[in-house]
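A quick write-up on the structure given underneath.
For clarity, chains are labelled A, B, C and D in written order, and residue numbers in each chain start from 1.
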Amino acid sequence: MYIHEYQSKRLLHTYEIPVPRSEVFTQGDSIEKFVANFGGESWIVKAQVHAGGRGKAGGILWTHTKEELKQQIDKLMGTRLVTKQTDAVGLPIQTLLVEKPANIKREIYLGLLVDRASKKITAIASAEGGINIEEVAETSPEKIASVNIHKTSGVQGYHCRLLAQDLNLNKAQFKQFSHILRQMYALFLDSDASLIEINPLIVAEDESLLALDAKMNFDDNALFRHKKIASLKDTSQENPIELKAKQHDLNYVKLDGSIGCIVNGAGLAMATMDLIKHNGGEPANFLDVGGNTTAQRVTQAFNLLIDDESVRSIFVNIFGGIVRCDVIAEGILQALEETELTLPVVVLLQGTNAEQGKEILKGKHQLITAVSELTEGAKLAIEKAGGQS
Amino acid sequence: MYIHEYQSKRLLHTYEIPVPRSEVFTQGDSIEKFVANFGGESWIVKAQVHAGGRGKAGGILWTHTKEELKQQIDKLMGTRLVTKQTDAVGLPIQTLLVEKPANIKREIYLGLLVDRASKKITAIASAEGGINIEEVAETSPEKIASVNIHKTSGVQGYHCRLLAQDLNLNKAQFKQFSHILRQMYALFLDSDASLIEINPLIVAEDESLLALDAKMNFDDNALFRHKKIASLKDTSQENPIELKAKQHDLNYVKLDGSIGCIVNGAGLAMATMDLIKHNGGEPANFLDVGGNTTAQRVTQAFNLLIDDESVRSIFVNIFGGIVRCDVIAEGILQALEETELTLPVVVLLQGTNAEQGKEILKGKHQLITAVSELTEGAKLAIEKAGGQS
Amino acid sequence: MSVLIDEYTQILCQGITGSVGTFHTQQGLDYGSKIVAGVTPGKGGSTHLDLPVYNTVSEVMQNHEIDATVIYVPAAFAADAILEAVEAEIPLIVCITEGIPVQDMIPVSDILETSASLLIGPNCPGIITPDQCKIGIMPGAIHKAGNVGIVSRSGTLTYVAVDQTKQHGQSTCIGIGGDPIHGLDFIECLTMFEHDQDTDVIVMVGEIGGTAEEEAAEFIQTAVNKPIVSYIAGASAPPGKRMGHAGAIISGGKGTAEDKYKALENAGVHTVRTLAGIGEAVNKILA
Amino acid sequence: MSVLIDEYTQILCQGITGSVGTFHTQQGLDYGSKIVAGVTPGKGGSTHLDLPVYNTVSEVMQNHEIDATVIYVPAAFAADAILEAVEAEIPLIVCITEGIPVQDMIPVSDILETSASLLIGPNCPGIITPDQCKIGIMPGAIHKAGNVGIVSRSGTLTYVAVDQTKQHGQSTCIGIGGDPIHGLDFIECLTMFEHDQDTDVIVMVGEIGGTAEEEAAEFIQTAVNKPIVSYIAGASAPPGKRMGHAGAIISGGKGTAEDKYKALENAGVHTVRTLAGIGEAVNKILA
């Protein structure tokens, strides 16, 4: 689960990591009142959306007077921001972070994440912080220092020294850096985070370190034990269909194509997309109804795809395991009765009682074509969607 | 570093582990005022000394009226308590814990310690808690459950289940037990403890668990980072010579014999005691002046032994390593000039420049006899002390 | 012979009285698996599906010989259950549970590293040696004893691979699970299949993300002589939404399906670009 | 050959600029040990005793081949220094520092278990192969190259054992340290001496407390063929003051000198009841 920049910074502040002075402006607040509290100083107004690339997209604005501040708040609030990390519709701006600008001498990168390969929490740092850090990682990996933190030891002095090796910090800055890393790590453990990044962590004009932007991601599977973190969720930042899918515990990701997919198992769902692409089509979504699915979940999946206007045909690919294909087939027929679907549906049933399932579907519903094989199914779904996209 | 029962219980209370209601009476407090605050209830008055076996030694008294309470406080305060764990002089009673008696249904044992063999923190529990737990351990080890707690995982549910397996706890008690173990473990880590015992952990009449007595020991080497724990030190409970030794950073333990030992290195100090015993003598002390000792430390050691009236002769056994024996020899001569020692001193110098050292000592001081060999030295020290003890 | 389990494997079930545990224990018993006991804290002393239930794994070990345990306990308590099995030194631990918090798995992996236990999963279908022993949630009926060894990160893709190799049957199928931190990985499974005389061909089903397939490819080059057929799911997956940089920084842009295919092909693996190709490739090798 | 170190061993010194580090580095250089670099955080870039000083061990590894490191940093930072050396994969780590908090050593031991590094100490004199390499604080001059391998928990007792065996000289002497949690133990050292062709007799000096000697005895019975002479210090030590029960409960009354002597004698070890007997026993064996 992602949270907003302002929420991340509040967490950092709670863990005694220095962040700029700031105020949060929420949709519905009085601009007059809000602006009245600020002097004639310079401020930065930052749109709070769950996406990077805000600066170039016009989501971060500088102001120097009360009047300007009013105008910029008014300009951003309630609009949608489209960045290179969002889709074409963009994300709604419902909160603004109004922050004191910092005088930046240098930008450092500092991150913590769970690393698959080492099965440990890994800390990463680079003297080349800022928006180009990914490029640095790809083109100059030697400029990125990383070290695993064993859970049994926690952050030790040597972790800090290793990461700071190329950061050119003076003694006081190194002390502050060590403090920040230890506190980030504590937050990481306390909150079941999967990612905490401070980027940039700046060296300010006054030589102190300051967290200028922060990104955090938390393990959805652990939210049950972190009520406070869970309450930071902002569903306005999520795709409405994806949101609806989650409510039904369906694993759905919206894509750009025209062939809707209903598949059981994440692996098989990906493999089905691969198959469609391989045969010249474009999947409209990734949709995993769960390894051991039920007829009911297939119905929910149909209901979900109805909301997506770009879907032209639906490919149902179910491998019957514990749940038998004949039961799934009956479920599909019933689902088509209950929903207002008008799209062609190609169904591939494999595994337990696959033949009986196919038999049940045969000729029962005009929209349905039952197939026997993967490639056949993919090709037919593409054809029904109106040929290659 | 050991602390008193009342201090241990305050720590448990801080960690939300239930302890009986109590008040602390300190030497110099007004008995009248103290007693005035209590109703006519029953109370237990417990002498706070750094030794077990207080009950049998008369250090734990029951009272039922205000008058009795006054009398018992008056009776114990300011005296010395001799238990099977103290020497014949006993330990001074300067603090009393006045506690609400609990109705005991059963007594459980629960302990945490650093285990050498597994190099882990080990938790131990037994349904046969109370004063006989050591006997239980020796005669019925199957009644003691123990499990290692990996630092990477901390206390897990299975640790609690494993320890509670034979404790016959109901569901609510198991929940309380798990809480207590987790909190004890947190305290153990937070305070660099080397031992935390709750014994007995009782099941009270009302079916809840309560820590009726607690013993804690903290790692002296870690006290530098635990100012609060360090401040709990009660030097009145230590042997005055041992205390003086510690101030000079000498490793000294008072024993019952007549031959004072000054040795460099803990191993060699023990080996020297072994040698004396092997030859029929009794060492008056264990005294390690440090692996790489200096002449100055030998002088301090002489000054320490002067305070022990039971010492009849002194055996100095130094293995010259980095520090040369000739330097040590000069130091010994100077030390004898400066101290008021009148006891015979047998000196064995081995290692670097041993011969020169012996040469220096030869005939220089009437009290000193230099020897060349371990057994020779031990025998001579015994002889000088007046023969076999 | 087979890999890890056979007809003699005696099995414990942790979380036996829950609905998932009950259902799949019954399925396992019906298949012929030797499930001999169960654990559910607080229900010790009772019987369930005619099997004795205990409060702790340690009690089980005092009364039974256990070769493997299967875990169906809810996600919040699953890591604890794995650790209890490790503490009891059960040689094979199969954890089916999905949705375990990743940070719960870090200590599990630390402790496993110095233990005598092997972990399959979590978030996996389990392991089956057809007609001998089934530990997990896979549908027994689709399997058939044979000479193809299957190892897969994805559950349903394992079943598809089984279906694709139905002509020859399977020696053992292992679903290692797709969670970021899991137990057995491709390399360990490939090693076991390489040394298993009942396995003639290995099917390895991978997924995008991580570098397990790349590491397996490197290993195959020096240590596996048997033919391997491999499919990687996710070639068509979009880079996906992400807000942070750290994942990309640490992987340095690796882990795409194309990277994995290339590495495997360099190691002499027979790769197939669609699921449907698995059967064909295996048939060709065994023709 | 010898055990662990020889004339080619290249050594790093962590904590080189402190007074203890300075003194013993000079002593080591004088003895002929190949100390090639030092580390003191914050003093990187300078030179000390003509050796380059670095801020981190990782920087050292980029510039030198390091076989062993010796640690003289203060107790509060020593565990961190050991872990830094483990992270840098230095094969042999010798930690001289005494007074390290025990709980600092728990993660060190956890991490060592899955690492490629060996640790000697902490709170030990170090290791010496006479006339070739000395790592630690032992006085070099008392040693002489020969065929007696010495392993000891106590510092000065090692020196006494060296003195007692001066007639034959020593192959390698290892002081493993007496701290509750330490690195190499008797068993590992005995194994190395058993396989070292320069060692004909082993002297093992133990102490009361713990059960390392009992475990060594068990190991000797099956795995050590060379003659061993052993002395255990502390036969005369009183049970000592103690307030808690847990230590006694966990050891079950074990760990006395008599227990250790008995176990060693059962394993065929030549035990001696006083220090003075070590020399005699060795002489008799080598006569």
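Things to note:
We adopt the following convention: a residue touches a chain if its C-beta (ideal position, glycine included) is under 8 Å from a C-beta of that chain, and two chains touch if they have at least 3 such contacts.
Just so it is clear, the model here is predicted, and its values are computed rather than measured.
Distance between Cα centroids is largest for the pairing of chain A with B. Averaging Cα coordinates per chain places chain C and chain D 44 Å apart. In whole angstrom, the spacing between the mean C-alpha positions of chain A and chain C is 28. Averaged Cα coordinates give chain A a centre that lies 57 Å from the centre of chain B. Among all residues of chain C, those that touch two or more other chains are 106-107, 110.
Of all residues in chain B, those that touch two or more other chains are 150-152.
Taken as a graph of touching chains, this assembly is complete, with every chain in contact with every other. The touching residues of chain D, counted against chain A in their complex, run 41-42, 55-59, 77, 79-81, 83-84, 87, 106-108, 110-111.
On the side of chain A, the complex with chain B involves touching residues 150-152. Residues 23, 27, 75-76, 99-107, 109-110, 125, 137-139, 141-142, 152-157, 159-160, 163, 178, 180-181, 205, 207-212, 231, 233-238, 240-250, 252-253, 257, 273-276 of chain D are the ones that touch chain B when the two sit in their complex. Per the touch definition, chain D reaches chain C in the complex via residues 110, 113-114. Taken together, the chain A residues at the contact with chain D in this complex read 147, 150, 152-154, 156-158, 161-162, 165, 171.
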